[in-house]
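Next, two complexes with chain A in common: one pairs it with chain B, the other with chain C.
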Partner chain A sequence: MAVAATAAAHAHGHAHNRLQLNRVGLWLFFFSESIVFGLLLTSRFFLMGVDREHVDQQLGLIITIILLLSSVTAFTAETAIEQDRRRLASWMLLATILLGVIFTVGVGFEWSIAEFNRKEVFGTVFFTMTGIHATHVVTGVIMLFLVWVQLKRGKFSSRDHFAVSGTVMYWHFVDVVWVFYYPALYLIGNVVTPGQ
Partner chain B sequence: MKAFQKGYVVAILLAVLTIVEYIFAVNFDNELVKFVGLSAAALAKVGMIGAYFMHFMRIFKTEEAH
Partner chain C sequence: MWALRTLSGGLGMGLLFFYIGIGLTAVLRNWFGYPEVWDRDFNVTIGYVFGLLGWVMGMGMWGSWGREWFGLRTHSYYIRGWQRYFTWSTDHKVIGVQYLATFTIVFLLAGLMAMLMRLELATSGLQFFDKSQYNTILGLHGILMIAVAVAAVVGGFGNYFVPLLIGADDMAFPRLNALSFWLIPPVALMLLITPFMGGLEVGWTAYPPLSVQTQTAQGFWNLAIVTFGLSSILSGLNFVVTIIYMRAPGMTWSRLPMFVWSMFVTAWLALFYTQGFAVALLMVTLDRIAGMGFFNADDGGDPLLYQHVFWFYSHPAVYIMILPGLGIALEIIGHFSGKPLFAYRYAVGAFLGILGLSGVVWAHHMFTSGIPNYLHGPFLVMTELISIPTGLIFLSALGTIWMGKLRLTAPMLFALAVIFNFANGGVTGIFLADVPTDIHLQDTYFVVAHFHYTIVGGEIFAMFAAMYYWFPKMTGRMYNMKLAKLHFWWMFIGFNVTFMTMYWPGIQGMNRRIADFPAAMDGINFFISLASFGLGAGFLVFVGNMVYALFWGPAAEANPWGARTLEWQTSSPPPLENFDEPPMVTGHPYDYGLPDAPAHARFGPGLPAGTPAGGGGGGGG
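Right after this comes the complex of A and B.
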């Protein structure tokens, strides 16, 4: 009896250590990604100062709110699986995927109507920053889809759901990046026209 | 239910801050004030997302339920 209890405690401790290692590893990944995104943000101000070219303000606000909404659905999915509410988690993961796709389409549309091109300084900055961010959004959508498939196959429960939490945290990280990119590209700066 | 509610309150605060950011940026002309104001708003938003959505403090926890 005592041996069984000791073994169970040992197994619980081992699982907990693994979970902590997963979390720390994920945060280290976020910090390394922050360096890339931070450098791009710095280059925007280094190359353009507080100037920028005209971008569609309404579209910028709409896609920002869509990404914010997707963070709410992702949060709901994670909280639902923590409470073993699998059906709600499944629907919320799907909603997050859909909102991520809409955001990406919005960025693509912004690219198509942009009044600058990639050969201009602001164009280079804008397309690089939004392009790398959108690539991360697409990666997040793929990961969310894979997690959703696993969830539908009966995986994950309130006791074992790090894949869901990790993917949702990645999604929030993508949102955090946009929290800085949105004002830097759309809001801050005097609007200048090319050649000025 | 409490876990959901806390997240939704944070989400509403984030939405309000985003709208305030937009209105502030569109109506303000002083670039320095705009830069400082928008940076402060962005840091506040990131703090909330990190604390409540990304559970930053969990990496310092030694033991928990699941």
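Right after this comes the complex of A and C.
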């Protein structure tokens, strides 16, 4: 019955390999997430073969370039904090957030001008795949923002910045997913119009 | 009242967020111009996601974890006594007990549902339930037992004993571990309210198009199972990292106890395949609430997609269930045979072989579903290939028993029964893997009998073996061995009579998942029902024995079985962080009866020369 409640009385784990454990855990998380994305990608080909419907090529190319650029800024932010250049890191995190937001708005605009609806099969796979991916982008933006706030409070340094590295790795992962999703939804195969 | 405070925090935040989510959804629906602002499945789905977040945060995730994301100070509490089991504890032993207690209750509830089903099936015609009530009971029995089979051994014994067996002080990610457990109560809640929300009618497999079109509580069911999958994936991730990086110095891969090896393989399976169930149910949910068309054949969708994605998880899921069971069986047989475990390396290879093969056999569940003919041959061959690694595990078990000095305690009896029952389940599986016989036997009671022989006969028997083996370590008290043996013989005979008989109506073509059957089958079904009531009554012996021992049993020694492995070299129950002095592994865990064999482990600082480092150079102590 005795209730002993003490703040931080019980520190788990050991400092010497905590960082290594976190890194491996993060990679396993990506591995696990890639199965979710992979199953959706496979479902797209299972349902439609290599057929697809018409989508706005210019818009698709622009948002893809924006997302790839955001990986460059995210990478720069990580290297900057590794060298204790906090000002650069802060600006680069902000740039990544901005590019992520533009990408999400672009996907939303694509949804609004889509020439197919969600009941037909291409609409189903298109909205599901871009929707799940955009959810991850939004999550990434929120994480980047939280990391940016802590960076402004002076929390990270070249010795202690796993939160920055982890978030940036997550951002790269979401980017790599789009590298597979973009061709599968925009580029591959024959354009068909339903009902023909 | 610490427990009350935590639980009310979790429930309060959960409900608050749930209503916020529901309200927000209604506002958004109004804004986007939907004719109805309230659609039960749609609003509840969004509300549930909010409520789940509120629940885990309110339970303690906010204080110990969430605050960190906002740069605030986190705090962790260590609470003594029974109340810690109702709080956000990061101690792997507490979490193990939480899992075990939860799933023992779920197991007994789901067992009661099996009794209700057998009551209805005792004679032809409908006596006690109408068909939709029967379907609800059947679906709940199925999914609750699947949950028990997936999580009771992995979450319960895995959490409690893997860190102890490898000489670690805790799991690699203690907070993630607590999260994995506290995701479970919402799952249980959502499943148990389904009978009051319209029932279930799709069994545990939830095939579309019925699961998309049904007006029952299918939406609740989907949410529960996706949450359960998330919990399973997170705990799988935790086990993989723990077993690789937290091993004590000297605990090389070839000295790893069998249960840890089986948990390692299981954790990879959970991490790799559980997404299949989640994605399949995500598609069903999107079809249901967002009007999408994954499974709507009119607009180019395909219901077969569901079966592929679903079985991509759900076949490996049976290995998630059975491998820890076989690991426990080998572990216990290794300790009670008085001689070294036979063919240790082959058994490890067998576990890894099953890990490799499990992902390429799923379509044998779909031989009669209309998959292309050219897929039949490959999936038949791949499925039967699995019997080679499984056979190696039998080889190891039988080789260990052979000429051994067996000590037939209750855990050993259960472990031997695992081997016996699983052999039966394995042999009858061949008829289901072969396409010609499967076409006749598909969806009959033959499948029911086969499945129960592998999972109940294999894993649930192993769960009881582990319960009797590790009970003194977990509670510090000893149960009555005579009653435990009585429970064993009662359960063993009851189980075999019930399910061995069930093959017969199956071969005769009696369909499964039905509330009624032709009157010609009356006699044999009455017999099966009687036998199953006998089997069910046997669990009263188990519950009585365990509850009595828990409160009034004699104190257990630290090592009542004289076993070599690490968990028995510390007090019963183990102290916080497990070992008073850091363990050093110096020998093989199963070297019984060898006069020159070094001890499995010794304790204290200072590594003997030549001891290999543990995982990641750290862990332990």
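Here, the second predicted complex is superposed on the first by the 180 of 196 C-alpha atoms of A that agree within 3 Å, B and C clash if a C-alpha of one lies under 4 Å from a C-alpha of the other, contacts with A are read in each partner's own complex, and residues count from 1 in each chain.
Keep in mind that, in the parts below, contacts are C-beta pairs under 8 Å (C-beta built on N, C-alpha and C of every residue); 3 or more make two chains touch, one makes a residue touch a chain.
Nothing here was measured: the structure is a model prediction, and the numbers come from that model.
**Q** Is A:24 contacted by the first partner chain B, the second partner chain C, both or neither?
**A** The answer is both, since A:24 touches chain B and chain C.
**Q** If we overlay the two complexes on their shared chain A, which of chain B and chain C does A:124 touch? Say first, second, both or neither.
**A** A:124: touches chain C, not chain B.
**Q** Just checking: does A:191 make contact with chain B only, chain C only, both, or neither of them? Give me first, second, both or neither.
**A** It touches nothing on chain B or chain C.
**Q** Using the touch definition from the top, say if A:158 reaches chain B (first), chain C (second), both or neither.
**A** Once the two structures are laid over each other on A, A:158 reaches chain B alone.
**Q** Quick check for you: in the superposed arrangement, does A:40 touch first (chain B), second (chain C), both or neither?
**A** A:40 contacts chain C only, not chain B.
**Q** Based on the superposed arrangement, let me know which partner A:32 touches: chain B (first), chain C (second), both, or neither?
**A** So A:32 only meets chain C here.
**Q** Now for A:169: first (chain B), second (chain C), both, or neither, which partner does it touch?
**A** first
**Q** Compare chain B and chain C by how many residues of chain A each one touches, and report the one with more.
**A** Partner with more touched residues of chain A: C.
**Q** What is the shared patch of chain A, the residues that chain B and chain C both contact?
**A** Chain A residues touching both partners: 16, 20, 24.
**Q** Under the definition above, what is the set of chain C residues touching chain A in their complex?
**A** It is residues 2, 69-71, 74-83, 90, 169-170, 172-174, 176, 233, 237-238, 240-241, 244-245, 271-273, 275-276, 278-279, 283, 286, 290-294, 296, 299-302, 305, 308-309, 312, 576, 616-619 of chain C that touch chain A.
**Q** Show which residues of chain B lie in contact with chain A when the two form their complex.
**A** By the definition above, chain B touches chain A via 3-4, 7-8, 11, 14-15, 18, 21-22, 25-26, 31, 34-35, 38-39, 41-42, 45-46, 49-50, 53-56, 58-59, 63-64, 66.
**Q** Given the complex with chain B, which residues does chain A contribute to the contact?
**A** 16, 20, 23-24, 27, 50, 57, 61, 64-65, 68, 71-72, 74-76, 79, 82-83, 158-161, 165, 169, 172-173, 175-176, 179-180, 183, 186-190
**Q** In the complex, go through chain A and note every residue touching chain C.
**A** 1-10, 12-14, 16-17, 20-21, 24-25, 28-29, 31-32, 35-36, 39-40, 43, 46-48, 118-125, 127-128, 146, 149-150, 153, 155, 194
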